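What follows are several structures.
Common to both upcoming complexes is chain A, partnered first by chain B, then by chain C.
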Partner chain A sequence: MENRPLEYDYTVTKMFMFTTIALGIVGMLIGVILAFQLAYPGLNLMLGEGLAEYTNFSRLRPLHTDAVIFGFTLSGIFATWYYVGQRVLKVSMAESKLLMFLGKLHFWLYIITVVAVVISLFAGVTTSKEYAEFEWPIDIAIVVVWVLFGMSIFGLIGIRREKSLYISVWYYIATFLGIAMLYLFNNMEIPTIMASAPDGSHVGGNWWHSISMYAGTNDALVQWWYGHNAVAFGFTVPIVAMIYYFLPKESGQAIYSYKLSLLSFWGLMFLYLWAGGHHLLYSTVPDWMQTMGSIFSVILILPSWGSAINMLLTMKGEWQQVAASPLIKFMILASTFYMFSTLEGPIQAIKSVNAIAHFTDWIVGHVHDGVLGWVGFMIMAALFHMAPRVFKREIYSKSLMTSQFWIQTLGVVLYFTSMWIAGITQGMMWRAHDEFGNLAYSFIDTVTVLHPYYTIRGVGGLLYLVGFFMFAYNIYKTMSARPVEESELQSASPMGA
Partner chain B sequence: MDIAQLQAYGYFALTVFLVIGLYGYIYHLYSKRKNSDGVDYEEYSNMALHDDIDDTPVASISDDKKK
Partner chain C sequence: MFHWLEKHPFFFSVGVFLVIAFAGLVEILPSFAQASRPVIGTKPYSILETTGRQIYIKNSCNACHSQLIRPFKSETDRYGHYSLSGEYAYDRPFLWGSKRTGPDLMRVGNYRTTDWHESHMKDPSGVVPGSVMPAYRWMYSNIADIPTAYAEQLTNAQFFSVPYNEPIPMKDGTTEVVKMANNVTDAHAMALAEAKEIAVDMKDQNVKDAVARGEIPEIVALIAYLNSLK
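The block that comes next holds the complex of A and B.
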């Protein structure tokens, strides 16, 4: 056997980079279609009456949310884990045949699960729980995929050369543990073939169908404990893991305060799990729980801003890099949007603000400045940083990357500003009444007023999608761009014109 | 003692515990480097900056085993 020097093995990273891009395109494309369907309802029938079942808003909506959460974002988390994990633990996947096998198995089972999810959601098979629509056979497959992810994390940690765990590794561990706990408890369900009615008769139904073990207010509480913490452990914790590695590495700057990163980590872990109640303000949930949700949401500003400010201060004295490198631009804007949405969220969670904001488009706007500005930008930046290292080639085009940055930034700004206006308008109109308490507007009045903002939102989403295609093309062309030496890959990524 | 009173004592005790925990942890972060074998946490940033497979680890597992 030839005696080659040990290298990091990015096979599994590359596989998940591919699904990050492919599922990102799917999820965002469906999102843009949905946005235009809201502005122009005729688009619900875009493929004709016969296929309306598959093209209407309600059928496509879970496909959008699940494709961007469990497709794009999760693939990005897996891709970066298999990259960052090896590097900060200073151990190669090539050193363990078992870990390599588990990594590949992780990928292929993930693909099978994605196919099952897409088919079942298109067919209208759903448990009707938001972000947890999958029926029990798919839930079991997801648990297996997740356990494989965990085996990879702890397997790599087990054979590491670096004694301590870098801050990003802590965040990846938290992602694994957090989602495992949330997913299991929220998806406690009973297949209907095993259930019987109170009178003892058999319930039956499709073999794949199940009902939740919780009902009524309890179901809502568990659902939003899950739903909000899916944001925590899917959209926050692993993305913070990414920025703590990729920003220092790309800029060549040490983290401004490593101690602050640790303090923020434990702060986030302690606080986030209690905040889910803010989704159920003014509902049948006990009042103290609603208040607790509000209070914990407001305190959450501290650890969130702790991480975000830590990242911005990491650039201290090196701000010229933000002007010079589009890759740093993506990460600095991501960090800024993280600050922005972690301030906006707590504001919306205050009861009196929520009285206007609840159920309106402002909430949709809030989610999207978080996911487009923070999650999307950070995952794309991570892929841009990883591409030259896994392909040993320079990034195909710097100017394409810069154009993409500005097009997508404009898209995000159009998205959240239109949704702010739409949401607050909606909230005010729903509440308006005359001196006798009669409502001043009917629902359709709000729909008419909101039409221009829905169109602007659609345009914003379309710009972001166009930018995503530019990103996909840039990564694709990077695979055949100018080869680079190892010495060019130390910090700032090499980029072609 | 009725339940409300018990809750109030519990709430107060928990708050004190959390405050001590928080400040204790901050004290730990700053004081650790002063010990003879303590680590300065700020050096941990180098785990990302020097992460080639043949770079020297900030603190190596194998060093630990030698002791």
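The block that comes next holds the complex of A and C.
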């Protein structure tokens, strides 16, 4: 019968590729603005006194984190799922009208939710819980979007031709289940319109307002069980899914070790959830939980490095590709940054180190070497790999990719080194006592000392943003300026140019 | 076993779910009830304090200020007694924060005054040279939302049995009662009574005039909340 390869349908992939780029620009641009606001507070008034409420640091901060997590990263996860899923399961979206409909519905509901989130955060409608700032109506929309994602995953699996699930699919399934569980429990809240006045009269007030189901220490515990593992199942698990697919595809090398991928997967699943307690060291949660958080964070190095080493060894004997191909550069640097930040995290989770590091910019630095170096690089690499196949055109410019790589790498290095110094400086100054046992520094001393590092960080972030614009431009030109190839580029390297 | 799981997505997913759900059950459930008991002297928030707390959240003050004093000498010297779990019993949501771009505020009511906050929120670097905190001038004209705060108080009382209108034991052996209104009109009147006490100590004529007219600018509610943090 058929000897032709399957024609995959990339309609939904394309849609999510656009939002990955658009929301990446939004999130990173706000990030750069925030960085410079800390170095130069006058920028809080950049659009004048009248709009100060909407341009000041505190209103923009949640927008930055949420645009990068739920905009850029999540779009990247969805875009790659709709691409990788079809290919490793050997079935096309075009084969099922239902799945195609659900995929498009998934995209458009996602867009509506994003718009609602942006409006509500600008307006200051927030629950205050980090990465879970959304009020209950948006939470419900997010759950629906997530269920549609799940239906797509299990729907495609249901009609698959390849019976064995490839490693990437394990990670996508885990992403779906993990986020679903965490999000639901952390966002348990009571809308305040459910209360009634004792005398039965009308209360009024904002209908969207709610309060958390948990109070104080319990709320903190649930929040950081969520917060830490939203990182796990948003920034680690699905990104590992991507690298397990795209690195072997791009390099033409088989995964180094199946057993190592098994160990890493199940190890990561079991260990990660325990580590949330390291956000609450020396707080009022029970000591044993804090200790568990510390210990499991350190053990977590094993499965994290297991995946990363598996990736690096996949390149065994083919290291010349790193020099020759900018796309391989992105992925190798991504897994290197993954190793780096999964070593740095456990170090910060050791109680005595955490005593200095907690509440400082070192933590901010840690998040960013993970997100810029690992998540950002891997998602951009995935889009670079997909673009020639999705648009049936060769990548517009290889040299632009290489320049982008070095500019962004420099940006990440400036970012995390300045934040290391800033964090440790501030942590040490907070605790310094003079010879009489009095505090050596007032709080403001520990702020003004950070100015040079805040400036360097801003420059680092700006370089990364510049690189991201180069990336967007390269993809745009690939779509528009290149001649269309006859059929999908089956084995061609996107590096043909 | 793993090969078999990889061919059976349903059982694979169940397996993954059990493995990831396990840690949460073990870590979160055992101490849940114990951690939510208030310590002696912890009071629920009054109507104006609740309003102020919502303004604190609306402007993500928690993005830069923690409310968690760790048990180190350097922290207790700087901010006061280290935090106790029960002190947070009425905090929905918790506001510990994760970053101290500015100082901790857990007990800011002990060492800052209405007058200080008023000047500082209007022009932080005028009060603390070198400060990187933005000014919050719109809070001096925006009017606070009392009905939403009242709805929050009611929700706390009706769903979580927060003890409004009940005697609460204090550290010195006496008891105090935090009153909650019977309807939104009374709630507004109670908030205004609190606001008047704050406005007496303020200099901004527009704020004073607003309170005299029966309106409560956001800054007044926020200061009421900050003063309650002890």
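The rule is short, and it goes like this: the second predicted complex is superposed on the first by the 465 of 497 C-alpha atoms of A that agree within 3 Å, B and C clash if a C-alpha of one lies under 4 Å from a C-alpha of the other, contacts with A are read in each partner's own complex, and residues count from 1 in each chain.
One rule holds for everything that comes next: a residue touches a chain if its C-beta (ideal position, glycine included) is under 8 Å from a C-beta of that chain, and two chains touch if they have at least 3 such contacts.
Computed from a predicted model, the values in this text were never measured in an experiment.
Applying the stated contact rule after C-alpha superposition, one finds that A:18 touches neither chain B nor chain C.
In the superposition on chain A, contact is made by A:197 with chain C only, not with chain B.
In the superposed pair of complexes, A:469 makes contact with neither chain B nor chain C. By the touch criterion defined above, A:262 lies against chain B and chain C together after alignment on the C-alpha atoms of chain A. In the superposed model, A:248 makes contact with chain B only, not with chain C.
In the superposition on chain A, A:161 makes contact with chain B only, while chain C stays out of contact range.
Using the contact criterion defined above for the overlaid structures, shared-chain residue A:92 touches chain B, although it does not reach chain C. Measured by the number of chain A residues touched, the leading partner among chain B and chain C is C.
In the superposed model, A:305 makes contact with neither chain B nor chain C.
When both complexes are overlaid on chain A, the residue A:6 reaches chain B alone and has no touch with chain C. Chain A uses residues 163-164, 262, 266 to touch chain B in one structure and chain C in the other.
Chain C makes touch with chain A in their complex at residues 2-3, 6-7, 9, 12-13, 16-17, 19-24, 27-28, 31-32, 35-36, 54, 57-64, 66, 68, 70-75, 77-78, 83-103, 125, 128-138, 145, 147-152, 154-160, 181-185. Those residues of chain A that touch chain B in the complex are listed here as 5-8, 87-88, 90-92, 160-164, 166-168, 244-245, 248-249, 252, 254-255, 257-259, 262-263, 266, 491.
Contacts from chain A toward chain C in the complex involve residues 37-38, 41, 44-45, 49, 52-53, 56-59, 61-62, 124-130, 154, 157, 163-165, 170, 173-174, 177-178, 181, 185, 190, 192-199, 201-206, 209, 211-223, 225, 262, 266, 269-270, 272-274, 276-277, 279, 282-286, 289, 292, 296, 355, 358-361, 363-364, 430-433, 438-439, 443-444, 447-448, 454. Residues 25-26, 29-30, 39, 41-49, 51-55, 57-64 of chain B are the ones that touch chain A when the two sit in their complex.
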